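Below you'll find a set of structures to go through.
Across the two complexes that follow, subunit A remains constant while its partner is subunit B and subsequently subunit C.
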Partner chain A sequence: MRLRISHTTTYRYEPAATGVIQVLRLTPGSHDGQYVADWQIDVSADTKLDMHHDAFGNVTHVLTIGATEDLTITAEGLIETNDTGGVMRGTDERFPPQLFLRSTDLTEPSPAMATFTREIGGAEGDAISFLHALMTRLNDHMTFDSDPTHSGTTAAEAFTLRRGVCQDYAHVFIACARAGGIPARFVSGHFLRADGEVHQQAGHAWAEAYVPSLGWVGFDPANAICSTDAHARVAIGLDYLGAAPVRGTRYGGGLETLTVAVKVDQAGRQFQSQ
Partner chain B sequence: MLSRTAENLFWLARYVERAEYLARTIDATLRVTALPNTYSGQGNEWDSALLTAGVAGSFYNHYDEANEANVVEYLSFAPTNPSSIRNCIEAARLNARSVRTALTGEMWATINSAWIELQENWSKGAKTREQLTAFLRFVQETSLRFDGSAYRTMLRNDAYWFSRLGVHLERADNTARILDVKYHLLLPEQEHVGGPLDYYQWSSILRSVSALTAYHWVYRQTLKPWLIADLLILNDSLPRSLASCYGNLVRNLDQIGVAYGRQGPAQRHARGIRNRLEHSDMEDIFQRGVHEFIQEFLADNSRLGEIVAKQYLI
Partner chain C sequence: MAVAFDEMNGPGGEVRQAYQELSRWLSETPPEALTHRRQEAELLFRRIGITFAVYGDAEAQERLIPFDVIPRILSGREWALMELGLKQRVRALNMFLRDIYHGRDILRAGIIPDDLIFQNPVFRPEMNGQAVPHDVYVHIAGIDIVRVDDENFYVLEDNARTPSGVSYMLENREVMMRLFPDLFARHRIAPVERYADELLTALRSVAPAHSSSEPTVALMTPGVYNSAYYEHSFLADKLGVELVEGRDLVVKNDEVFMRTTEGLKRVDVIYRRVDDDFLDPLTFRPDSALGVPGLMSAYRAGNVTLANAVGTGIADDKAVYSYMPDIVKFYLGEEPILKNVPTWRCREPGDLAYVLDHLSELVVKEVHGSGGYGMLIGPAATKATIEAFRDKLKREPEGFIAKPTLALSTCPTCTDAGLAPRHVDLRPFVLTGRDRVTIVPGGLTRVALKEGSLVVNSSQGGGTKDTWILDE
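Coming up: the complex of A and B.
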């Protein structure tokens, strides 16, 4: 599927900030199920975008600007995706999978989550069935609701609230998978909605878990499906903070308002011949 | 577009690229053999020229010894060698003539006048070193003119993209072949040697893909074997590197896919190779073995040729 994606982040500072530094993880990479046909980042202020790769292999850009009242960062382009049944091949792997057993503040499992994981059972034997069962149960356990949680909500808090957004679903999934001894990581990216709604309030987030016989497999607990050709993968990390699209800080200024607008649409239909 | 037309365009570009590559190989070999033996090493350079051209087997059916006269004759003029320079230009012109209307006037004029010059001036081969040098220059200039006129005059549609596919598939194959024949010179164990022998051998590898100046621009230091391998395999900005060829192949195939509203195994296969190149670094490649890496690449590359042929050309 060919996805046309545009992701706009706008910051407004009142009064003006005297300096802003941001790290952008807005640039997708290619793997066997995804080809980036075209991609660019526009920034409203004059700045140099320094490109690097972070430890996980994500493409990052660092931008530094002086005094400003507002700042708009737009990342947009075309991504060609194939459905690989969630199995990730040809990704840039820089660490052994065991690294992704490491827990973080946002993905620390609570006792209730440990019990929830134990009840599913079978993580030692059949990893793939365990992960599917975990995804289905988690999707039943939680209700999608963007009100009660924010970007700093931990997995344990969201699990107790039984409410959250895709990011919270992903955090709980990762925490439970790791509690079951399966390496798991956070994925930020974009999702073409099945209901045809093109405009979205934020990017999408899901998880990848390591199954020895298959490698990394994408699980989207908010939609209760494995990742498909509707998913465009941008960055990975141990949790949201490691894969966040924009992270940074500012000098001066007072109130900061942030608006995000995302548009994911299908560009010109193409047929896949086998 | 008829698949026959696409096939002619693809092979036309491939043959021109191959002719240029053969001319470069002969040129680089002449340079190395012009040095005293102590510099040029023990191995027979003309043998390795045959190996990089991929005709070492058939050569010995016609000749006993791989010396300058025989190899130059076989690679440049021999009617018995299906991929001699002469046969490449003839095959290119035949392909061009069948798709005359899909080409621009400039492209046709280039390939046709090259063919005429071949008949008029070079039908007896090159008798002297001066003549040979002039011939090799003629071949390289034909290729430059052809490539330049395609770039400057062709409409950007499927005709252009198919001819670019031919160029880049052939180019990737050629660069990988050079690396395959010469890889033993690039292995890290050779590091301590670093004598004049290696310097001339290494610079001849770079010269054969006209990347000697590029090397100094990129690395700003003396010739080091792993940097040469890095430049020719992974550096996206060197037009003859494997990474750059695959960047172009993937882009051209994508354009064809978009224009036809349909894509298939050729796109996926090319993207797979491109991904592997993008996510590799030289340390990994040396650890897994340069030879194995290149062998695998050559197999993947010729597999792409077959897939493209199956999907579009037949």
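Coming up: the complex of A and C.
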């Protein structure tokens, strides 16, 4: 599939901020099943973006700007994808899988989650069946709802609420997989919706889990599917914080208003409609 | 437990060589004179204002760490060997850190199990593949050493993160020289005053290769509420560098600047006394108000040196400690000069069997525990406690390590009942610059003031002594 993606983040500062610094993880990489044909980042302010690869291999850009009332960052481009049944190959791996057994503040499993994981059973034997069962049960357990959670909500909190957004689903999935002894990690990216709606209010998030016989496999618990050619992978981390599209700080200023607009469409389809 | 080795009065009651002059002086000095000087010392410390905030003590937010006027003395020969051992150990620590965050040869060689590193909370994945200027990770190490007899020194802990206490080493010497000029005149004692110069030289030498020939160094503190704030301001003053908090620093285009009255000034080396977790809210804890947003990006770009480097905690971790003799051999091909306290890793069946047979003699600790929680002190435990612990240990052996209870050496110390032996340890400060490792001859001697106590921590009734290395 050819995915045309545009991800716009707009900040308004009232009164003006005296300075802003942000670390952006908005640039996807290529691997088997994903080829980045074209990608660019535009920033409304006049600034130089400092590019690095972080320790996980994600492309990061650091932007620093002076006094401003608003800031718009647009990441957009074209990604060609193939359905690999969720199996990831050719990704930039800088750690052995077992690093991703580490727990983080956002993915610390609660006793209830440990019980939930134990009840699924079989994590020691057939990892892939366990992960599918975990994804299905988790999707049943949770209801998609953007109201009660925020970017700092932990897996345990979302599990208790039984509500959340894709990020929360991913955190709970990761925490339970790790509790079952399976390395798991957070993925931020984009998703072409099956219902034809191209405008979205945020990027997408899912998880990858390590199955010895297959390698890393993408699981999207919010949609109860393995990752497909509708998924465009941008960054990975131990949790949301390690893969967040934007982590930033502003100096001075008062109120900050954040708006995110994401558009994911099939390039061919868009072309035909014009 | 056997009678501890006393550093002044040897096993047969004879006065040991290094203490002969002190012993003579003590016999000539009337007890009232000593009491008088002790009071003077207390006054001096109060005037200097050296204090230590005790966490969890609402009554006394800040208080004086007790200072004992009887010096602790090591001979030049003893020090020479210790110095060699310390340099060797710190070289190995730096090579270990370089390796762990790059090629991981030591894991591939099967010397340290992978999970001990990758699942260790103090291993910092963020440092993986990150070059640090001149490959120095631990610029300042505070290695805790205990002595058990005439010959044997053991390393108890390698403090490789943000070790503190060096201000006491310097202040103790200053006060002693003022109070006991007569005693100094009767000894040749290696000076410690050049510590600040050595530290500044080391810090400047590790500035990023492309920074100016006069690199700017700043000392970063968490602020006045930190228990070691006095030391931070003391050291900044001695070094002649700016004392800054996170809010005084700003990152622009991957370079770090400090706000000064004349505008922004580029900073090349940050001697940071802020823990990793709080350094940069854009990389570590997002709620940290003590750090500098973007600092890790400037670090990654190679534009600033952090001393110590981020992620050094993996080198002084309790579980990794037990592998230190292997670490020294692996990287240097040498036998370790300083001993490690023998550690039984209960994850290994042979070790577990030994530990289960000797529970009443050993101290058994949780690998990832801290603060003495979940610990068994065999010699002090009841039979029932030992049996309950035995079950716990059998259920989850990989969670525990065991060590012998060491008989720490003692040193004569002023008490209400006159001079009496009290247990001591020693923390020398090892500095690593671009090309060399240096140690000011001495360190911080901590003394457990309670009779029989082995706990030297200042938060638990420990005091300090001046440490003399005889210049022979």
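One rule holds in what follows: the second predicted complex is superposed on the first by the 268 of 274 C-alpha atoms of A that agree within 3 Å, B and C clash if a C-alpha of one lies under 4 Å from a C-alpha of the other, contacts with A are read in each partner's own complex, and residues count from 1 in each chain.
Here is the rule we use: contacts are C-beta pairs under 8 Å (C-beta built on N, C-alpha and C of every residue); 3 or more make two chains touch, one makes a residue touch a chain.
The structure presented is a predicted model; accordingly, all values stated were derived computationally and were not measured.
By the touch criterion defined above, A:T91 lies against subunit B but remains apart from subunit C after alignment on the C-alpha atoms of chain A. Of the two partner chains placed around the shared chain by superposition, subunit C is the only one that A:L99 touches, whereas subunit B remains out of contact.
When the two complexes are overlaid on their common chain A, residue A:D32 makes contact with subunit B while staying clear of subunit C. The partner that reaches more residues of subunit A, of the two candidates subunit B and subunit C, is C.
In the superposed model, A:N82 makes contact with subunit B only, not with subunit C. In the superposition on chain A, A:G19 makes contact with subunit C only, not with subunit B. Within the superposed three-chain model, A:L238 lies in touch with subunit C and out of touch with subunit B [touch as defined at top]. For subunit A in complex with subunit B, the touching residues are 2, 29-32, 35, 37, 57, 80, 82, 90-93, 268-274. Taken in their complex, subunit A has these residues touching subunit C: 19, 21-23, 48, 50, 52, 54-56, 60, 62, 64, 94-96, 98-99, 101-102, 152, 238, 241, 247-249, 251.
Note for the complex: subunit C touches subunit A at residues 114-115, 118-119, 121, 125-130, 250-254, 281-283, 286, 293-294, 297, 300-301. Those residues of subunit B lying in contact with subunit A across their complex are 250, 254, 257-258, 261-265, 267-268, 271-272, 274-276, 278-279, 311.
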